[in-house]
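What follows are several structures.
In what comes next, subunit A is part of two complexes: it sits with subunit B in the first one and with subunit C in the second one.
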Partner chain A sequence: MSPQTPDTFVNRLLGRIKLNGLMALAAPVLAILFAGVITSVVLILTDHPPVDTLLAMVEYGSTPRSLVGIINLASAYYLSAMAVALGFRMNLFNIGVDGQYRLAALIAAAVGGAVTLPKPLHIGLILIVAVAVGAAWAGIAGVLKARRGVSEVISTIMLNTIATGLGAWLLAQWAVPVAGSNNIGTNPIPESGHVPSIPLIPGAPNEVFGLFVVAVLVGIGFHVLLNRTRFGFNLRSTGLSEPAAVASGVDVKKMVIVAMLISGGMAGLVGMPQLLGSSYSYSLDFPPGFGFTGIAIALIGRNNPIGVAFGALLWSFLDVSQNILSLEKVSPEIVTIMQGVIVLAVVIAYELVHRYRIAAEQRRVSRELSAPVGMEGAAA
Partner chain B sequence: MAKGHIHAIVGENGAGKSTLMKILYGMQRPDEGEIRINGSPVSFHTPADAIAAGIGMVHQHFMLADNLTVLENVVLGSEPRKGGIALDFAAARKKIKEISDAYGLDVDPDVLVEDIGVGLRQRVEILKVLYRGARILILDEPTAVLVPHEVDELFENLHGLVREGITIIFISHHLDEVLKVADAITVIRRGTTVASVDPKSVNARQLAELMVGSELPSPETRESTVTDVVALQVTGLTMAASAWRPIPKGTPASFYMDQMRAEGGGRLLLEDVSFTIHKGEVLGIAGVEGNGQAELVEAIMGIRPSVGEITLAGTDIADWSTLRRRDAGIGYIPEDRQRHGLLLLAPLWENRILGHNSGGVWIDRKGARADTERIVAQYDVRTPGIDVDAAALSGGNQQKLIVGREMSGDPVLLIASHPTRGVDVGAQAAIWDHLRSARAAGLAVLLISADLDELIGLSDTLKVLLRGKIVADVDPANVTPEQLGSAMTGAGEEA
Partner chain C sequence: MRRKLDVTEGEFTLLRNRFGRLIAGTAASAMLFAVAACGGDDTEAAPSGAPAASSSAPAAASAKVGLAYDIGGRGDQSFNDSAAAGLDKAKAELGVEVNELEAANGETDAQKEERLRLLATGGFNPIIAVGFAYSGAITKVAKEFPEIKFAIVDDAAEGANISNLVFAEEQGSFLVGVAAALKSTKNSVGFVGGVDVPLIHKFEAGFEAGAKAVKPDIKLQKKYLTQPPDFSGFGDPAKGKTAAEGMFDAGADVVYQAAGGSGAGVFEAAKAAGGMAIGVDSDQAKTADPTVADVIITSMLKKVDVAVFDFIKNFTANTVKPGITVYDLKAGGVDYSITGGKIDDIKAQIDEFKNKVISGEITVPTGA
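So, the complex of A and B:
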């Protein structure tokens, strides 16, 4: 690894620099252990038995019922993190996944509740609307960046806020009272738009959202797109070295717009497993914040489809298993501390592992160079 | 280097001037050798060590905060304290006044930096360094941003500093200035000192000769392979410094020339450049760096917008995208291979795809890998395999890979920008061989180089670019590097 141009902290952070083999695994494992230690310290300070508490979380988190909950939540996290990761791979910071998925879920729910179609068509229509809305909302930031040079970080954050306002207004226009509460939501999607759930975990009273499959397909699609297609190659080259991409004929402005559209389209899917699997209506209590969690998970998974899958499952496990903590008289916020520590520790651990590798590499090279050779010089 | 001297270091771009300065200033560690100050050896790990030893550096690009005053900029980073917390601006102001008066710098500590001119800013930079107690000043290309009368002022200041016992290391490649101001000159080339000369006993021509050198392996190609089939024709190519907008088709650029010049602050990067390259011809562009060579290449590649006609084998390509131009058969060896030519952190076979990535949805992984193997074998790229990252290769091998890549797919035209810069002698000869045989096979080559021997040896036709204009046509068969060198600086009518 050369210490020249692109070997920067940010590049390592965003996974554009590869970590090979065992090292790639060592970093997150170290980080999780470290997070466990910090959490234990906090637990001890607050007079709780750390080992028992953590064991209770693991035990609760591995019951069939919790496992289903973990997979369901992780589907949304995964889609969100992949949307962020696509941008990261070409140096685009799509901070706006949050706004994109909420707006997409709202409009898709409204469209889905307004029509009745045969089953596969109805589901397809809702998904297409969600992808289109997410893509369009992210596309605004893409066009602003390509045409006017507006930083996508700023514009997507602003678009998040606008999406919140716009969403509230649209919901007020379209809302009907939700039966049995003072909540309001869109017209419920009729039965033809429901996606049947899958009894994936034996012995669980609940079932996995059918659209869990979409998350898996997005992960596979992400890998194929980036590693097998010309478009993906151009996207990665733009992320690795923009000047080289420009010189090789990549139209970077076009790439920015297209990448934002794809990222936004993936973001549009984030709310779908939940919407078509259990709530069937976008209401005031539709879960927010998946977009920001996605950023953290993309960092943990180093923007790699497999890594992100582990990150999403881990995060979701922590979220689900915190439910047991109130029974143990421990504040559930301990999990938030743990999640935060994991993200920080992962970032630091990747950096440490990277430096260790560089040092090892340099030692190896200098050993080989100091050996009596002369071959290199004579042959070159 | 003697105390109280202005010592100039001259050399071509890439000769090692900046590296030397970085070592002196502690930004980079030397592999071998030692530095002595006043006779005692020192070693610097960080710029802070160098500052402590009394070395100060004035960078080519100013490092001043515009929205602070001169005083605040000067003390930034070494603020005088009063009672532990408060800043002692009064003391700082007094000290700045003293230094300013002692060395005749004439700096007012209380104006905002954004309100003062370039020449004064440079004096502030110098003052900043003196404030930190520097006794040895390194000035990196200090005249690059100055207009002539500011240069004279600067030189007066420098003489003032020297009278007070300060030593100055002056880096430049403006030979006239060096001769005017320096007390001693060291010429470096390819990382080694080639001569130490007394400015009173040399002229600019001799100094240029020393800088360029003339003992390189000969890139000679004499038997002409030039055909009369036009490969590339460029007519009236013009590039404005900024504020580019398309002009109506068919209108000559000259019509807008004055306006574009006014918008770009009086300067055009390229001005009415026209030339023709035939199949089998190598057209060399000579010029001191920064006179429009990079812009010319980027205009032909479609990377930067420009005005004028560009036809490739009879087809007008002026409106085409970079990708389409590459597909039409333009190969491009970029000036900065690591920035523009390679993905350093991607394997070699993926680098083979870079720039040759069009048509269809899927990457042809098998084809790319097979062709990378071919390039590695045919161009003698020394690598353990095609799955290693490009960053792992030496510069010469990286360049051979790029040359091999750009030659594949039978290009019509090859743009070779400094094809052998920073490449060892063996790889240089190999690259020259490949260029020669491609030329014999009918390839048209646009060659840009700072290596005058390379230009004269390889080119069938030579043009000299100065301030964005072609100022001279030179016959490479009977020109010496010295004559070419003086034509490049616009000094020599004799060339």
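So, the complex of A and C:
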């Protein structure tokens, strides 16, 4: 489909135009080089040795315990980024993943803490509730867009705020004080709802969240859905050209709602590895903000399941290894700078390589046109 | 065509938000570095900063103190800074070696555990965690390192080697409630809480009880800036200003803020409205921006610095006890400040209430 894809900045940004051969390799290499250079400059400016600092991060980040932490955090990032990526592929900007996963985690935790069921059923119920809540919350934005033409960017941002308020109110209704603490949380999920962890990394004292598997399955499902089904084809073609999709019989309104539902359902899973693998209760310190990180990671990963996996692991590695920085007396905010630079570097590097590709193509075409026979042919 | 325009706008907003945050982040980091570069590393805010003390301190007390901050870290002019002041004092007076780690926004429990574990494996003992968010993490990590002493501020996490430094915020708030009611000529006061969490409810409950103890019919307006998990209410002066403006417009003339960094906005609003404000945690008539400091009639002191310093001192003297230490009015852990002389005329009345709370004649509600 790439010949029909209009060569615009948006399409290049969202990875809809593929690079071939050497150029596909050049872009990420260029991005990593660029990010490395900028980060080094910042480190030098602040009187820290760049090589030693980065080596300390790599050394700490590659210990078995850190690796487990990286994979666990990356599972949540990956699910969030895939939820965003699905929307991106059809030009839907689901900025509301953050609200969707927080509300889903809260309600799923409350339901999970209120019932007792045999193990697989209990876990299944919690996951289904989470997916349903995430999908329903995103679906509001989908319906608003399809029926009333409300921009999903605006409505999902508003829904984030509403989710925060609604979540705080619901938590206040359901919360029990965490024993002896100033923290409050939902009733803890009984043992039958816990997902056993996997000793994936040899030598690590901690274990990978069992729901890491769900992240992998969602990645595979995403690929199959988009590339092997009629629905995926319709979704991609709607994203590329809505009028063309309508002309070929795609019900765009239905597509918007369904895509939002699926994206929201995936978002609903974001909090699950943490909830069923470690927290077992939604409390005041349940991690917020994964939804926004997901947007950045979707951009880094070019909305491609494999690329996003790399992006999520990289981002998570930086988050986990920032602890070592303060121990080395380097301000941990350096990690925020690195993450920002990487997003910029990826956008810029791909754009540069694309422009090089376009220029090279134009040169090739003009060479062909300026060939003696070509002149008359083109004029005629 | 319309559709295309739509997309470009969406994309633009998305990028702008993202980049806005990045730019803000970068600028903030740059400022941080500038501060660190100009001010040297640890000279700032050491209360009894005797520079020579650290070198002349006895070598016996060569403890390596590890401290993990809550979100905001050193420089929040409030809760974390108070802990930092205690740490600085310990460094200067006890000659201990210190290291500080900061929390990032929106991190998981695993990352908090990892931070404490990093300190533990790095040979730090004792280790202090600032804030209730470390509750789960410290319980786990303290079990793994039974030979290390841990302390947590504001939380009652249990463990054989965990000391809990908790405060009777409601008692201090009670006293400033008394002050507010006595100073209010319009018989109307306000309370601005940072985030709607149980910890801040204690401030609110104490303040209300204090105000009503003086004037049972006093009008009290309350407002929380944000709802959890949005903790920005502890660091957003604009929100604090808007909330306080509303209260002054509605007739209040004294507003008490328990909102951390957002309090700066409350002071601005008080200045603009010609009203009075009450600070929190630190003696804010001293720490707040000098242009607004004159509206601060008193502050509720929550002496996290004293608690942190005491704990380190006990450690060097080998007298650390696990379990809860309550820093209340009696222990001098909470109090009210008199900087600026704005409440000198009513000090006797406040002290009368203070003695009644200490003696147990008045029991202050905790809002739980």
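Convention: the second predicted complex is superposed on the first by the 356 of 380 C-alpha atoms of A that agree within 3 Å, B and C clash if a C-alpha of one lies under 4 Å from a C-alpha of the other, contacts with A are read in each partner's own complex, and residues count from 1 in each chain.
Following the convention adopted for this analysis, contacts are C-beta pairs under 8 Å (C-beta built on N, C-alpha and C of every residue); 3 or more make two chains touch, one makes a residue touch a chain.
Since the structure is predicted, the reported quantities are computational estimates derived from the model, not experimental observations.
Chemist: A:V320 in the overlay: touching subunit B, subunit C, both, or neither? Say first, second, both or neither.
Modeler: second
Chemist: Output check: A:Y78 vs subunit B and subunit C. Expected answer is one of first, second, both, neither. What do you get?
Modeler: A:Y78 sits against neither subunit B nor subunit C.
Chemist: Is A:R228 in contact with subunit B, with subunit C, with both, or with neither (first, second, both, neither)?
Modeler: first
Chemist: Specify the partner with more touching residues on subunit A, choosing between subunit B and subunit C.
Modeler: Between subunit B and subunit C, the winner on subunit A residue contacts is C.
Chemist: Answer with first, second, both or neither: which of subunit B and subunit C does A:N183 touch in the superposed model?
Modeler: Only subunit C; A:N183 stays clear of subunit B.
Chemist: Output check: A:S237 vs subunit B and subunit C. Expected answer is one of first, second, both, neither. What do you get?
Modeler: Touch partner of A:S237: subunit B, not subunit C.
Chemist: I'd like to know which partner A:V246 touches here: subunit B for first, subunit C for second, both or neither.
Modeler: Touch status of A:V246: first partner only.
Chemist: Where on subunit A do the contacts from subunit B and from subunit C line up?
Modeler: 243
Chemist: Which of the residues in subunit C end up touching subunit A in this complex?
Modeler: Contact set of subunit C toward subunit A: 3, 6-11, 13-14, 18, 22, 25-26, 28-29, 32-33, 36-37, 41, 99-102, 104-111, 114-115, 117-119, 122, 132-133, 135-136, 154-158, 196-199, 226-230, 368.
Chemist: Which residues, counting only subunit A, touch subunit C once they are in their complex?
Modeler: Counting only subunit A, the residues touching subunit C are 10, 13, 45-47, 65-66, 69, 72-73, 76, 91, 93, 95, 102, 151-153, 164-165, 167-169, 171-172, 177-184, 242-243, 274, 278-279, 284-290, 293, 295-296, 319-320, 322-324, 326-327, 329, 331-337, 340, 343-344.
Chemist: What residues on subunit A touch subunit B, complex-wise?
Modeler: Going by the criterion above, the answer is residues 1-2, 4-7, 11, 16-18, 228-234, 236-237, 240-241, 243-251, 376, 379-380.
Chemist: Which positions of subunit B touch subunit A when the two form their complex?
Modeler: Where subunit B meets subunit A, its residues are 301, 303, 321-327, 332, 334, 336, 338-346, 350, 353-358, 360-363, 365, 382, 389, 391-392, 394, 396, 424, 426-427.
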